[in-house]
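The two complexes that follow have subunit A in common; it is paired with subunit B in the first and with subunit C in the second.
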Partner chain A sequence: MSAAGAAIAPLWRLSMGARAAFLTLIVGALCLMLEPVAPWLIKWPTGWVLPATDWVGAGLSWFLDAIKPFARACSAMLSYPMDWANMALNGTPWPMVIGLVTATGWYLGGLSMAALGFLGLSFVLVSGYWFQSMNTLALVAVSVPLAIIFGGILGILANEIPRVKSALQTLLDVMQTVPTFAYLTPILILFGFGPVVGLIASAIYAAPPMARNVMLGLERVEPEIKEAAIMSGGTRLQQLFQVEIPSASSQIMVGVNQCLMAALSMVIIAAVIGGFNDIGWEVLLTMRKAQFGQALLAGMVIVVFAIVIDRMSGSLAIERQRHDIRIVWAVLGIAGLFTALALLSNSLPNPDDLTLMNPVAQAVDQSLTDFTKTNGAWLDSVKNTAMFYGLLPLRIGLDNAVLPFTWGFSWTMAMSAGLFACAGLAGLLLAWRGRVTAGLMLVILMGMLETGIAELPWPFVLFGVAALGWVASGRRLALISVLLLGTILLAGLWERSLLSLYLSGAAVFACAIVGGVIGLVCAVSPLAWKAVRPVCDMLQTIPLFVFLIPVLMVFQIGEFSAFLAICAYAIVPMIRYTRHGLVETPGDMLEAAVSSGATGWQILRDIRFPYAVPSILLGLNQTILYAFAMLVIAALIGTTGLGQSIYLALGKADVGLGISAGAAMAILAMISDRMVQGFAEERRRALGL
Partner chain B sequence: MTSDETPAIACRNLWQVFGEGAKTALGEALARPEATPETAAQALHEAGFMPAVQNASFDVRQGELFVIMGLSGSGKSTLVRCISQLLPGTDGEIRIDGENVMGASKKRLTDLRRNRLGMVFQHFGLFPHMTVAENVAYPLKAKGTGKAERTARAQDVISLVGLDGREGSFPRELSGGQRQRVGIARSLAVNPDIWFLDEPFSALDPLIRRQLQDEFLRIQATLKKSIVFITHDIAEALKLADRIAIMRDGKIVQIGTPTEIVLHPVDDYVREFSKDVAKGQHARVASVMQTDGSTGLGPDDPGLTTSMTLDLALAHCMKLYEPVPVRDATGAIVGTVQPSDLVAALQVEES
Partner chain C sequence: MFRTLLATLATCAMATSVQAADLGAKDEPIKLAVNEWTGQHVSTYVAGAMLEAAGYDVEYVTAGYMNMYQAIADGEIHGAMEIWSSNVSEDYAKKVDAGGVVELGDLGLDAKEGIAYPAHVAEICPGLPALDALRDCAMKFATADTIPQGRLIDYPADWGTPGADRMSGFDLPFKAVPAGSEGALITELRAATEKKSPLLIVFWQPHWAMSAYDVKFVDLPVGNDECFEDPKWGSNPDATHDCDFAPSRIFKAGWSGMEEKWPAAFEILSNYTLSVEDQQPMMGAVDVDGGKVEEVVAAWMKENEANWKPIVTAAIQ
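After this line comes the complex of A and B, so read on.
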């Protein structure tokens, strides 16, 4: 007893991280060793799975049925504004629409914005997707006011009633992690097929950013301004509507901007339900028919819309002198004159007949075919290399992925032993140099690589997550994580979850490395940042859906394409936050370092980097959330895991599966979010920020 | 109507304690056997509360300019926010013209603010989306005054603070001094009887500060409001105040006229404040003269008056050794002063 105590005693002298890693390692090793006698340790037996998905389905169906009449009434009511918006946008002659957008652009941002509006809409016109675009725009035009009102009311209520605030915060956090497709299934069942589904989904999806920004804006109004309103003798309503809300207007406008972008994004995603001839549907259709030139063209139309809407609404948030109203009237007058003349002479072209861009699309198609034909071998080898030597081992482990067919040899027990021995040695070396935690982590990671993420024993995952949670933020997070993951396990979504975790994990890892390096380069060289920044802006404005087109064009359907799409979307925050963190080091710290005689490289390593860690971790956090969001969209082009389940559930209108898989996804995202936040918080505290 | 004896503001045993459940904690701390305000504050501190105002009691008379002074974090803003009920106050009593406002209904407070109270803030607290005229007229708008009337009244106060011609500007287009003029104008729009100013000039540079102080005195001379004025600048306090309250760590340590504060500081903390001011410029002859007639009069009459500063008085009787008469504003002799007392008074500190 005392001997055992003496053996364990040094263990407790280790740091918290080392202890957690050590215990996790033991659990993992035990699982691997016990596999032959107790296979249930690796794979959760199907017999133990509770039919939770069915229960959720049954419960929700009952609930949805109960409120269906009400929902249907709503949807009937909403179809009116929908029709009006459609009529207004499609009924207005296109020169007038272009004139209106140009005039708005002028009013909001002067010449450059007017030019952007004019050129953007002209492109839409000649692309031949005018009507589809107007349909999409009509959806946005109806859903955004709904989202603004709804989100605004929520934000104000949260500001007025503290208890609502914390509840709303939690709700918004959850909503941020629930994948977009998961909203669609219950809405589909409630409201029936048709454009109203997209409308409601996008209103629901776009309300949170509005609520968040209203809340933030009201919170940030200077206390003295609030007090001045009180001392002026305003009632609470006067204070709120005459002083606080107007004072918070720029933050609220940021909310409107984000709300618009979210609505646009969701309207396009909702096209997968079909039943409405909008631009998202056009992209899907052409993609399915492998007409990539056309798909790209339609995708470009979406991008143009995104940019025009983003820039124009973005300038709302910047307080600036509005531009001369006379020019607005002039532009509208010219547009009206043009329309009248064209109508009178009966020569206003029907936008449907405008196919100026079709040759371009065909040329793109042709050259793409040529390109893939000539470079097919090369592209295939890129794809295969990444799959065989990267993604596959990560997914099913070296022991299964190393085959004579790909690696040229097969994996043997001896190799496993050798790998572990090497890892163990390296780990020991690290531990001996005083970095015990790092050594232990190395061994654990090697073990994971050997086993494969999708085949990790569940006790190991639960224990490892608990350990991470404990180190990151404490017992509470550890407990919550285990409980939530346990739910996934019981619900029988475990394997799919691990698959999702593997793909998003791989993407996040790639983003962290590549994005980190790009961020670093941008931090060092302003020139590089000048080049990278517009790309980042662009990538963040594009609706998720569009990312699929180019990867699909080059690499066809498959996991690798999905991986690339996720990376392309999720890398942006990593770049931004890394650069931001590195650049924002306080000047006096740098001066102190320079006067201590540090070289540029030393300053980067010893001063800038440690100081930037919290910021970089926040970037990582965003990257993780982005990756999860994109994972579900990427299900359209072939991923396995939860995303696929959600997508399939949508097709079958299976609420139980859709919601359960969506919830599982949200759980994964939330746990990773809290952990990274925990680490970031810990670092910030350590730095005294 | 309020009679002249009713103080404009009367504060009795006022406490403001920050922290969850402060009211019960304060009640318990005060209910302990042999509890004094000091021990109660100490106990609250130890329990993790922040007693920002402790047992404050004072009166502000009608038409008096009452200055609260103290170091940063001593609780000045908290005290004035309690009086204006921007903070609820944890315990004690606040009477405005005899009416207890602690725990008054929202409606009553709104009413008071619409008619009786005005407040100027350190960082101006101007509404960024309103023009100068709209800012100034806002209290009238909240009250429901008609447009024409409120525009006219706003114009009046804007002229009073010397901002004619800037009515259409937005706060962001003004300089700091101009912004504070807007703040002052706004607080005067409803013509309040009681005026709170929380470090109104601290954010301004010294030259503009002096200019605004003078203007403030000019405005006060015509309006005669009851004022609570906060500052951490002793020179400003001495220049403006009828009476000064000095705060330290939440407690009021001394209340007195500028002369009393300068000549008879109760402790080192107060003495430290007045160390750098030239006493001769603030203390008045009245504070050192004898009124009991115990000293006989000398032959000379250099023409001293009660309101003369010691410096000036000394200049008048540099060469005299005999007691001299002191007259009041009407010219009647009200006391005598021994010239050596003047010198002694200036040297109190060195002793």
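After this line comes the complex of A and C, so read on.
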């Protein structure tokens, strides 16, 4: 008793982090000790699972049936603009479309943007996917205005009624973190079949960035401007629409730009359910035949669209002199003349028959074959090494992963004891040198590695998450996290969630290190950034499905392939934000450092890096969200876990399972998001930013 | 003689299509689902051409195989010409029970499913296609995910787990890994063929990849219903599923309102059949020779009128 008292007394003198880590360690140790007598600590007993997915399914089905007539009416109304857009884009001869885009490019950004538009659309033409591309564009053309209106209304509401603001923020988070695959089934039931489903899904996905930017823009309007509007006696509506929104217009245009990009990426994902012969459908068809070259070609069409739309709408956000309108008419005139001549002489080629790029696609395909043939052996050993010494121990723990087949010997109890002893000693050493939290964390991490993420006892996970949330942001986050994780436990999705957590956790960890290093190199050398940037752009805009073929060809179906596919997508924000943070150090700080004679390396370590931490943490946050998003796509190459459940539910039209698993995924993503943001906020405060 | 008969039939067809009493709402287009694979495109375009010959207007609608049943139940798609019992969505049975979807009978394609391997694997594991050969060379199929067992690529999880059932049925030291999607299955076949690496996979025919990658089936003992219910049946007394795959049915389905709205079309689609011998060459002409489905099917229709004309004629008379 007195010994315990003596141990606890100094506990309260420790920092918050150390206290939390200490308590977590105790809970973990208790779980490990009690494991033999109480197996329910490790595995949540099936008897305790509530049939929540069925309830969700039944409740939702009833609700969906109730509002179905209304949704069908909406769907019928939406099919009109959809048909018009389709007719306008597919009915216009292709030289006219190219001419229009080139002319718009000239008007917005001069010669370089006109060239971009012309070359981009010419590529689309020769790829042989013109009709499908126009179908995709028609979808985007209808869904983006919807998203802009919807997002704009949400943003204005949040600005006008401060009470609903936090609720709206949460709604936006949910809209962005619930995987699209999860809500495709309800949309399908509600709105019926055809392009409207993809249209609605992409509008839902594209609205949040718009809403966020409207909010931010309205918040940032100068108080003097607002006061001037009030003093000149305008009503609230006049103030809003005639003064505040125009002065926030450049931020709002950033929102429009983001909205366009989001809609474009979602239109492709929605193609999984089929219903429209668009470019996403083509990507899926080619993927189904394992034709990498063709899939890449179709994917590049999307990349081209994304770049053209991004640059053009991006220049809308910057207020600038527009270019000479006479050139616009000249370009349109030339296009019209060309069309007329071609039509008159009946020699306008049908874009379907243009397959100039096919040899290129075949060459790409062939090079993938050659690559797999020549490098298969050593890449196999890379994969085995990563699986045996990295992923497997992380998933099922050293105690199960160390086998004669893998490491050459069997894991014994003595080894566990030895490992814990070593970790304990190292922890003590750290604690003795004054880094108590680090010492405790080391022991906890060793324990997790010994047990494996997929087999962690649930009380330990709940407690650990609560402790992390408490340290990151306070009691509220701790409580909310535990409650939300509790619902996952009760719904019986716990094991799948841990598997998802393990796979995305491993990917995030790898992305953080590799992406951080690449970001650092790009910050130091502008030349490296010139080379890396287009790759980043491409990885972010190409349909995610395209990655899957080459990864599978080389590494086969399995976790390692899924891991790589997730990394390829999730590494981008880490690179971007790390570089951005390191480059944007305040100038006066740098001058002070230079004048006090610091070397380049010292400046990087002591000035640039500390200032970059909030930005890097933001990048990490985005990386986590991207990893969760990609987890669902990776289900196409056979992962286990939540992603697979969501994909399965889509195939079975099982609304309950889809929405429950989607919600579990959103819960995991949102908890990690809040925690990283909590730590980032703390760093920012410490730096006085 | 034969030609005269055909000519008579054709004249009859033209003569009767004018009456159109049984055709129903022939001014409204009948929408047929076009799914993700070439074989289905062939089956659908043949059916569409038959409907057009009967005087209907046909529209082909792009539709995801797994998610089209809601649309059929809503009457937004009217017919799906090639549904495989081995990987039909659970939603199909639900929609049939609810009354929105009706089955239109067998398509007549003779399908085979089984445990398969690309031909070069026989060199790696001598003794194939005998089942027992797998027992001895399981470790040659092992990968980092499955060690110490061999690896079998199973169907995507939403198609069921026939591979895993066979492995436990025959008590073979293989771990079944679900493929995730058909694309992943094909990519595995392609990679194994190009790298000459070992591969065991659950696969089916008719499929274009069967010939493209020279895929062979492992010999499995022919089973009956008892095999799937009674563990005592077969070589393994402790497990069910120690036999070959139950033959997969390939059938057609349609909107339940079709019989009333387009009676003749309903009859044509119900009686329509297509054999592997007919479908396979057309698939090859599209996938291997790069032809367009519409043209390939139109050519076949012209040459094989005896095959399909009687069904159309019977329905509209």
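Couple of notes before you dig in:
The definition used in the following text is that the second predicted complex is superposed on the first by the 618 of 689 C-alpha atoms of A that agree within 3 Å, B and C clash if a C-alpha of one lies under 4 Å from a C-alpha of the other, contacts with A are read in each partner's own complex, and residues count from 1 in each chain.
Quick note on the criterion: a contact is a pair of C-beta atoms (placed from the backbone, for glycine too) under 8 Å apart; a residue touches a chain by one contact, two chains touch by 3 or more.
The structure presented is a predicted model; accordingly, all values stated were derived computationally and were not measured.
In the three-chain model built by superposing on subunit A, subunit B and subunit C fit together without any clash.
Applying the stated contact rule after C-alpha superposition, one finds that A:220 touches neither subunit B nor subunit C. With both structures placed on the common chain, the touch criterion links A:433 to neither subunit B nor subunit C. Looking at the shared chain after the overlay, A:274 reaches subunit C, while subunit B stays out of its contact range. Once the two complexes are laid over each other on the shared chain, residue contacts for A:231 go to subunit B alone; subunit C is not touched. Once the two complexes are overlaid on the shared chain, A:247 sits against subunit B while remaining clear of subunit C. Once chain A of one complex is fitted onto chain A of the other, the partner contacts of A:43 are absent, as it touches neither subunit B nor subunit C. In the superposition on chain A, A:369 makes contact with subunit C only, while subunit B stays out of contact range. Touching more residues of subunit A than its counterpart among subunit B and subunit C is C.
With the two structures overlaid on their shared chain A, subunit B and subunit C come no closer than 47 Å at the level of C-alpha atoms. The residues of subunit A shared by its contacts with subunit B and with subunit C come to none at all. Remark: subunit A residues 184-185, 188-189, 192-194, 272-277, 281, 284-285, 287-290, 369, 372-373, 376, 383-384, 387-388, 392, 403, 405-406, 548-549, 552-554, 556-560, 635-639, 644, 647-648, 650-654 touch subunit C in the complex. Residue ranges on subunit C touching subunit A, taken from their complex, read 35-37, 61-71, 74, 76-77, 89-91, 94, 143-145, 147-148, 153, 156-158, 177-184, 186-191, 194-195, 197, 287.
Subunit A makes touch with subunit B in their complex at residues 222, 224-225, 227-235, 238, 242-243, 246-247, 249. Residues 81, 84, 86, 110-111, 113-115, 117-119, 121-130, 138-139, 141-143, 183, 186-187, 190, 196 of subunit B are the ones touching subunit A in the complex.
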